[in-house]
Amino acid sequence: MLGAEGLGKRYGPRWLFRDLRFTLERGDSLIVAGENGSGKSTLLKLLAGLVSPSEGTISLPTGDARTSLGYSALDLNVYPHLTAIEHLLLASRLRGCEPQVQPLLERVSLTRAANQRIGEFSTGMRARLKLAIAIQAAPKALLLDEPSASLDQAGRELAEEIIKDQRERGACVIATNDKAEWRLGTHVLELA
Amino acid sequence: MLGAEGLGKRYGPRWLFRDLRFTLERGDSLIVAGENGSGKSTLLKLLAGLVSPSEGTISLPTGDARTSLGYSALDLNVYPHLTAIEHLLLASRLRGCEPQVQPLLERVSLTRAANQRIGEFSTGMRARLKLAIAIQAAPKALLLDEPSASLDQAGRELAEEIIKDQRERGACVIATNDKAEWRLGTHVLELA
Amino acid sequence: MGGATAWGFTAPPAKGFPRPDLARIIFFHLPCAIGSTLFLTFAAYASLRYLLDKKGDWDVRASSAMEMGLVLSILTLLTGMLFARVQWGAWWDWQEVRMTSFLLVFLIVAAYFALRSSFGDRTKGAQVSAIYVMAALLPCFLLIFVAPRLPQFQSLHPDVIGKGGFDPTYNSIFLSTLTLVVIGCVWIYRLRVRAGKLEIDLENLSAKLADRNRPSAPRVVEPVPLSPER
Amino acid sequence: MSSSWRKEISALFVKEVQSELRGRSGLLNSLLFSLVTVVAVSLATFGHSISATFAAGMIWVALLFASSVALPRCFTLEEEQGTGDLLRLLARPHAVFWGKALYNLLLIFLVALVLGGLFLALVEIRGDRPVIPWLFLLSLLGAAGALAGAVTLCGALVAQAANRATLAGTISLPLLLPVLFLGVNGTRAGLGDGVLETGLTASIGLLCYGVASLAIGPYLFAAVWKH
Amino acid sequence: MSSSWRKEISALFVKEVQSELRGRSGLLNSLLFSLVTVVAVSLATFGHSISATFAAGMIWVALLFASSVALPRCFTLEEEQGTGDLLRLLARPHAVFWGKALYNLLLIFLVALVLGGLFLALVEIRGDRPVIPWLFLLSLLGAAGALAGAVTLCGALVAQAANRATLAGTISLPLLLPVLFLGVNGTRAGLGDGVLETGLTASIGLLCYGVASLAIGPYLFAAVWKH
């Protein structure tokens, strides 16, 4: 479903990682761990197509990457001058999927702030919105970079639930700095 | 040393909190807790002078706020085109304190990336740099908003150490979403 | 107002205008010009006060004064254009400094509202626009008082007052329309200020209501016991 | 164009407009902006009756200004805000290019219209022939198209080649100069100077340039957009 | 000015220059803009010589436009990048204003020099007297000062608005047009039209306006900078 074959990435002369290979099937959840700066986020960006690999290949789920991949990251920014609803509408029109605005906002508990500009959101609220955008099209593979950073207790439970749901639908890759989150994975990939 | 008296903040008609009062002395460490969107970051920004209170007053440590207060937050951004060293030099020139570039970079383990542009940093490396800038002038009060988000194990220990050092020098306020961090505080303030 | 207008029509056609009988528009033209200058100046004062004591009232005063300034400057431009049409035969003349410079004053005032309405946050918008007024005052004065008098611009604008004034009937009619316009504007202005203040009060009131509905969480700061791990 | 493309492009266009027109009187802001631009240009020519050729030059200076204001909306803003990745995840490059180009087209055309109208109404233009409204309008339309295309493309190059600023500069100059050359020729013919045929050819050339850059643009853009 | 102020201001100035050199393309864009403007004008006046007064007007319009696009960026960029808070924590408002204004002064002066040079080189200017280089230069310096002070402040005002790019133009152009009234006199005298004394007075008046706005600016600025 989602896989890598001999994948490597380097910046300048420095290799972040080389020769990674894995294949994830439905129900799999891969934890990507490692120190700060070890390349976890870079790996996720490679899988999401935001960065191009230096060597090796990536196999993606069939279909348009915009609907078959969901991606949410701590350092992904959203438009400060649009509202939560506008974001969901924009995303759905671009991907050609159902907007599902109300159910999604309820799921991530943002109904009350639905019409607020994102510039006025707290970091946790923004993280919730990004989760909502990531799962909007019911993707086959979900890539989450530090999903629980800046979420409160309820938010962490929500993230956990989303990951569980995702594993029923497809695969999941989670980059995390928190050992406590390892329990969300079926496999662990530790970058050095 | 650092205190609030009848402090309140509202956005539009909605009060985030009202009538807060506390005084922190040397050795105190206040944990600010609460749900996402409850106003933790806003309280820290009030104390740092980045947002103005709707009512009430704040008492700050004596001296210039630029050196007597240190502030680091998840949603504080640094200049993507400057390097770590240039940030520390800029900050020291602006505050009129010792730059201490090498010791600080060593402390937050960024010596290897000292001359890299921040735009190429990982989130954890950026968090470390922000910590270094916050403690550069040995502030009397240190305000940390989600200090351990995006830091790895070593980074979390570093943050803890910094907080401990800070309590020897003065007071500390920590906004966090993670119950595990409550142990870093002597007092807890829960926002609803 | 109507009476003064009627009185205006009894005034003798003014000398020194190409179409003397239609010169009576001056009875409204000039008061509007003077009125907008006055409101502008007052707005700058109110803005300064707002910046100094941060009281919402002063912001309401400043913005209301700017609104009056905007309306009056539009009226000045319109009566002026009418004036130009009947006296010189063209709606607009770029060579006429007074016209051009007053158009700029109008643009400066209009830009105030563009700026103000671009901020969702009330206090941010208030602060920013207050500073804008302060910064704009000097250019406005340059435009109103200095630019038209610079020697290198030829002006077709009559400078009647400078050259010995109108005849007595003109003076009295003019003074009465001036007072009427000023009084009328001040009246409207005060209504506007009241409305603006009520708006703020309403917001404060709903904040209070919202506050009452909140579960009053006792925000006691309590020491935490050190956890076993430590 | 299939309906899915249309939907995507219009969604992106609406996003740009929403960001610009936020606030109670966004449209008013944009109109005021064009008015101010026009007044600034007219002032420099105030009082003198000017030749049609010169008027064309002035109109073009104002159009260039409007496009350089529109420029940052394009892509540099996305990179600076850090929202570029979101867009890369959600939208296809062609749609992105078209959405942005349409927005730029709208802004520049708005300025062009206000400008052209006011110039005709207020400035005394002295040409060899009377003004030819349709040619004038045609040249303005061509101008908006060509500038929007060129500017969007430049914007994309500048944003992507962040640390190669000089490179971007050298690329955008040859893109803009032909537009300028054709444009001034077309507009001045519309205003009554020069040979009519040359003007017509120039205007049509301009339109073609616009169409061409809007047609090729997405492909060039797609190459730089995804890393 | 005490040495601590000097150190702070120079630190900020250096920061701006560093960021500019590493891929912010503000300077390049405005140089490009002035180049294209000059080309537009020389196309429009091809074969004819233009009067020094016209040339002065054109230079001023181009300078106004270039500055109202380029100068506000120093503040809007801080908000877009989200680095505004860092600066608020570290620097005193007066230092921020001065650092940015100095940088803008340099930027616009460079643009003015290039623009003036290109104009002299490419456009045939017909004046009553020959060009007086020092007066021309003086008037450009005055222009840079007056524009830098006012536009820097305007940039700070619009930085947090959604439609900042057009808004910056809308609010700064009308404020600057009276400056243009003054400035044109200096420049045209420098280029050889009009009375020399008037031109000198105008240039000095311009410099004074610049100094005044740089002196009052920080105080007004301090009121918006911290919330």
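Letters A, B, C, D and E mark the chains in the order given here, with residues in each chain numbered from 1 onward.
By definition in this document, contacts are C-beta pairs under 8 Å (C-beta built on N, C-alpha and C of every residue); 3 or more make two chains touch, one makes a residue touch a chain.
This is a predicted model, so every value here is computed, not measured.
Note on connectivity: the fewest steps through touching chains from chain A to chain C is 2. By C-beta contact pairs, the most connected chain pair is D-E. Rotating chain A by 180 degrees superposes its CA atoms on those of chain B, with the angle stated to the nearest 5.
Put simply, the chain farthest from chain A by mean CA position is C. Note: the chain lying farthest from chain D is B, by mean C-alpha position.
Averaging Cα coordinates per chain places chain C and chain D 35 Å apart.
For this pair, chain C with chain E, the centres built from the Cα atoms lie 29 Å apart.
If you average the Cα atoms of chain A and of chain E, the two centres end up 45 Å apart. Residue positions of chain D with contacts to 2 or more other chains are 19, 22-23, 26, 29, 32, 36, 39, 43, 45, 81. In chain B, the residues that touch at least two other chains are 75. Within chain C, the positions touching two or more other chains are listed as 104, 107, 111, 114, 118-120. Interface of chain C with chain E (complex): residues 51, 101, 104, 107-108, 111, 114-115, 118-119, 123-124, 127-128, 130-132, 134-136, 138-139, 142-143, 147, 150, 152.
The part of chain E that touches chain B in the complex is made up of residues 4, 7-8, 10-12, 14-15, 18-19, 22-24, 81-83, 85-86, 88-92, 95, 226-227. Note for the complex: chain D touches chain E at residues 19-23, 26, 29-30, 32-33, 36-37, 39-41, 43-45, 48, 51, 53-54, 56-58, 60-61, 64-65, 68-73, 76-77, 80-81, 107, 158, 162-166, 168-169, 172-173, 176-177, 180-181, 184-185, 188. Interface residues of chain B facing chain C in the complex, by the touch rule stated above, are 10, 12-15, 17-20, 22, 30-31, 182-183, 185-192.
By the touch criterion stated above, chain C contacts chain D in their complex at residues 92, 94-95, 100, 103-104, 107, 110-111, 113-114, 117-120.
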